[in-house]
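Next up: the structures, one after another.
Each of the two complexes below includes subunit A, the first together with subunit B, the second together with subunit C.
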Partner chain A sequence: MLPLAAGAVYALLYSVGLAGSLARGFTLRYWESLVCRGTLWQTFAYSAYIMGVSILLSYLSALALVISARGRLMQRKWSRIFYLPLAVPALVLAFFAFRFLSGGGWLASLDFRLGFITSPQDFPELVNDPYGLGIIFVHFLLAFAFFSIYLDRVYANEHIEEQVQSAKILGAGSWQRLRRVIGPMILRKTWPAVSLYALFVFGSYEVPLLLGRSTPEMLSVRIVRMLSKFNLEDRPEGFAIVFAYMVLTVLLVIALRKSKGGLR
Partner chain B sequence: MGLAALFIIIFFLGSCRQSGKEKALDPLQMSWEEVLKEVQGSTVHFMMWQGDPFINRYMNEYVKPKLDSLYGIKLVLLEGQGNRIVSQVMTEKEAGIRRGGIDMGWINGETFYQLRQIDGLFGPFVEKLPNSRYIDFDNPFIAFDFQQAVEGYECPWGNVQQVIIYDSLRVPDPPGNLNALTDYLKAHPGTFTLPNDFTGMTLLKAFLVELAGSPDTFYGPFREESYLKYSNKLWDWINANKKYFWHGGATFPDAVAPMHQLFINGELNFSMSNNDAEVDNKILQGLFPESTRAYVPDHGSIQNSHYMGIMTNGANKAGAMVVANFLISPQAQWRKADPAVWGDGTVLATEKLPLEWQKKFSEMPHRKYSPTREEIGKKAIREFDAEYMIRLYQDFRKKVIEK
Partner chain C sequence: MKSITGKILWALLATLFILPPAYLLVLSFSASWYFPMLFPDALSGKWWIQGFGSRYAVIEGMGLSLGIAAGVSLLSTGTAFLSSRWIALSRHRNAFLLLAYFPFVLSPVVLAAATYFFFVSLGWNGTVGGVAFAHFLIAYPYAVILFSGYWNKRLLTMDALASTLGAGPFQRYRRVLLPLSRGVLALALFQTFIISWFEYGLSSYIGMGRVPVLTVEVYRYISEANPYVAAVASLLLVSPPLFMLWVNKRFLIRLI
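And then the complex of A and B:
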């Protein structure tokens, strides 16, 4: 915790003009500039959107798969394929997605050969697009694999299938079994890990850097851009975002620790 | 988290290096013979961009062995450029680390301006280098960096000019000015863009020159009035036409490398480079098709030099000086200028060289696909004051990207 606290204090001091080579005394103008321009909220909102959609899609898909396999997904011969995306660095996967989904990529080439499009510009925007589809696609691949392995293990360890069978004997329908048995048990056990994974997606850098747009930007992309801007006078604004991000992270971790069944 | 980790790493790196046996001697007070004696067996940490296999091969297979055999110097190449160098030096200085992790760096005008701002550059050291007598300091493209006199605080290493890259099969007649580019964009929407980085901003400077009619408007200290007058015209032109840019001008590549990728994919009909020999280089690497060519539009393009800077908190300044001296030697510069090796323009005034080297430079293998330096040199524009770059970056984001 000490390095984290030291980093937070340093970022705060930098953002109010009290640290750094070019510091000129206390000022709130960097914070004012960030808050008043409105792009800070846009950055947080966009990061939250990417995180929410990626996690929701991958979690629900993995859950559906695990339920249909009744917790024996990883016992199947082909199940090792789930480990593959986890072994590939996110940047490599992002590059693969770019080559696959861009206007000059493999999918577009196939469309061209099939006569669906006549130039790369005719291909729909699936990367560097306004809705972050390329970023969501890569995070989905990574998270779906992780959640499938994780949920399958939880399903087996918590003996959920036995509970489901008991509920069935007692007359519960499939929707009731999902809502009253599987859902609560799985969610209670997995939400701390899911929250941490969501935080990881929220702060991801390489994937949005390659597949995102110049605006809106995800949080880490914006922080790195501001800390490495040509005008060194803009660095305090970058540190202000770093501080806000750290506070958010700490609050989430505290909330997880205090919650029932959370981090210990 | 990353920042905290960076502090810890820098702290330990600094501690390790401080415990070494290297003494804090001022090489500027020593004779060159003493400097050479001092550096025997030492290590120099050189931070440079390592994104080009040709440049890496030149450094690893030629420079490193030569430095070892000639001076007993072990050269360690660190990956990083511009902002990474500035960030590390700044963080080290703010943490009070006197013997930092970088001895020297490959820098350009942008980084020079920033490092001078934070007093991060050691010097003046260039005059101390024996080979500096061959440097063409009469050339304003070498003696001034972003209109700022280098004054011995950075050593010229190479000289380049920005070129626009195109595929001659796809673009038989590339646009030579903004009007022609407008027509081209309307006829071929989605095939042109510019990177939101140093190279892209450098292109915008050339556009400013066309709008102003002459580069003289931007020479000398920054003038707010000139900047506002012509930059507003520039933003108007971009905003009026960005719907014809790649992805409708809603996003821009963040560097030249992804632009090259888009050019190779066929999404873009143009790329660009600050290295005027880039096309030869990339065709030889098998990345660009042989039909690729480069040109400088009628309004001209920025020619600038890249330099080597020694950090004020570098642990081995003497070693860095010896490395810099070798890299500006006729043999190292001649080898580097070969398009099959790197293709980087020399900073030496070849007429000052011994006859054998003059002959070698005159017989240098010619470029096959890139325009000659003589040809594009006629359209060379000097770099503007650094404030123009700051404002272009800011306004491009506010008035184009976020609009």
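And then the complex of A and C:
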């Protein structure tokens, strides 16, 4: 924790002109510039969008699968395949997505053979696109596998199927069983882990590095780009984003710990 | 999930999950494979031979990654096992665990960016030791969190009993705590190994490209537009986790 705290202090000092090669006394101009140009909000909003869509899609798909399997998904013969994406690093999955979904990739080749396109340029942008579709695809794949395993375990451990059967006997319809039994029980138990996973996606680096574009840009990629540029004027703003992100993460983790049923 | 719909769904899921490693396997053995070819024109082992040759640093990267991951895994598991007991008995247990979450939850590359100045001050940037220490910064808190729920009343009572019967601290660890904790220690060893093995952002930032761990090499081959050797290196990167999956699938579930 000590290096992290020291890093946060250093980032703050750098961002207000009190540390680093540009230290010329206290100033808020880097922060003002970030806030006024909207860079800070744009970066955070884009990362939040990727996080929200990836997590929502993967969680709901996994939940639908687990409910339809009645919590016995992992008892099936081929259930081990759900662990397969977890054995593949995000960097490798991003590489696969690039080879598979780009204009010169396998899907584009298939479209070409089927006569839908005549050149790679005709293929829709699925990677390095403004909506982050490629990034969402990779995070979806990883999170869907993880949530399927995790939700299935919770479904079985919390004896949700027994509760569902009791509700059915008492006359609850399928929508009521989902809304009043399965939904609350699963959400209450899984939201801390889901929130942690969401934070990982928010700060992900290698996937947007390979599959993203320079505008809009996810948080980690933007920070590294700003801190690695030859233009030293960008570094204080980069450290301002580092500090803002660290504070946000600390506040979220504290909120998760303090909330009822939150992190252990 | 019944009948044909269920079978179709399973087939789709299996395809979705198996496709990435299967595609990379074919890519690594293809003589050439580009748009608009649906399949490689011929199969060849030349990229594997070249990858293992002196022109590329695949083997060097794998050896380095294995060494760093094994060292980080042993050190973080060992220190976390000892310190988590102290944390579990501390009055400030909750505060310590809260602190353990921060480095673990933060984006590793941002952690690297924030602490880079200190690595430079110590002369650890661009060194194997620096990269290993950076990995330790995230692996250790993860192991502490993993062990945090482990020190329960039963285990502490056994420890107290051994102490009452005259066992010293070393004997208590050797004869009581370590034999009882084999399962959780194996889990922590494997999972911290995976954390270090998969790490790219920290390795590239702190290593400055001078520490060619396998993830850094994979990215280098991708950016050099050498997909075939990148596929070879990617498959080597996937092999230890696949081995763990074969041994025990529980080793791969990382989140608490």
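Please note the rule applied: the second predicted complex is superposed on the first by the 261 of 264 C-alpha atoms of A that agree within 3 Å, B and C clash if a C-alpha of one lies under 4 Å from a C-alpha of the other, contacts with A are read in each partner's own complex, and residues count from 1 in each chain.
The definition used in the following text is that a contact is a pair of C-beta atoms (placed from the backbone, for glycine too) under 8 Å apart; a residue touches a chain by one contact, two chains touch by 3 or more.
Keep in mind that this is a model prediction, so the values were computed, not measured.
K.L.:
Should the superposition on subunit A be reported as showing a clash between subunit B and subunit C, or a fit?
P.N.:
Result for subunit B and subunit C: clash.
K.L.:
Would you check which partner chain A:31 touches, where first means subunit B only, second means subunit C only, and both and neither mean what they say?
P.N.:
neither
K.L.:
Go through the superposed model and pick first if A:197 touches only subunit B, second if only subunit C, both, or neither.
P.N.:
Second partner only.
K.L.:
I'd like to know which partner A:3 touches here: subunit B for first, subunit C for second, both or neither.
P.N.:
both
K.L.:
More residues of subunit A in touch with subunit C or with subunit B?
P.N.:
C
K.L.:
First (subunit B), second (subunit C), both or neither: which does A:21 touch?
P.N.:
In the superposed model, A:21 contacts subunit B only, not subunit C.
K.L.:
Look at A:125 in the shared chain and tell me whether it touches subunit B only, subunit C only, both, or neither; answer first, second, both or neither.
P.N.:
In the superposition, A:125 touches subunit B alone.
K.L.:
In the overlay, answer first, second, both or neither for which of subunit B and subunit C A:105 touches.
P.N.:
In the superposition, A:105 contacts both subunit B and subunit C.
K.L.:
Quick one: is A:215 in contact with subunit B, with subunit C, with both, or with neither? Answer first, second, both or neither.
P.N.:
In the superposition, A:215 touches subunit B alone.
K.L.:
Who does A:49 touch here: subunit B (first), subunit C (second), both, or neither?
P.N.:
In the superposition, A:49 touches no partner, neither subunit B nor subunit C.
K.L.:
Do subunit B and subunit C touch any of the same residues on subunit A, and if so, which?
P.N.:
In subunit A, residues 3-4, 6-7, 10-11, 98, 103-105, 120, 209-210, 227, 242, 246, 249 are touched by subunit B and also by subunit C.
K.L.:
Spell out the part of subunit B that touches subunit A in their complex, as residue ranges.
P.N.:
Touch residues, subunit B against subunit A: 1, 3-5, 7-8, 82-84, 86-87, 90, 93-94, 110, 114, 117-118, 189-191, 196, 247, 250-252, 254, 258, 261-262, 264-267, 389-390, 393-394, 397, 401-402.
K.L.:
Help me check something: in the complex, which residues belonging to subunit A touch subunit B?
P.N.:
So the residues of subunit A in touch with subunit B come to 3-4, 6-7, 10-11, 19-22, 39, 98, 102-105, 120-121, 125, 128-130, 209-210, 212-215, 227-232, 242, 246, 249.
K.L.:
Which residues, counting only subunit A, touch subunit C once they are in their complex?
P.N.:
Interface residues on the subunit A side: 1, 3-4, 6-8, 10-11, 65, 68-69, 76, 78, 80-93, 95-96, 98-100, 103-106, 108-110, 112-113, 120, 141, 145-146, 149-150, 193, 196-197, 199-200, 202-206, 209-210, 219-220, 223-224, 227, 238, 242, 245-246, 249-250, 253-254, 257, 263-264.
K.L.:
Okay, in this complex, where on subunit C does subunit A touch?
P.N.:
1, 9-10, 13-14, 16-21, 23-24, 27, 34-38, 94, 97-103, 105-111, 113-118, 137, 141, 148-149, 197-198, 200-201, 205, 215, 218-219, 222, 227, 230-231, 234, 237-238, 241-242, 244-245, 249, 252-256
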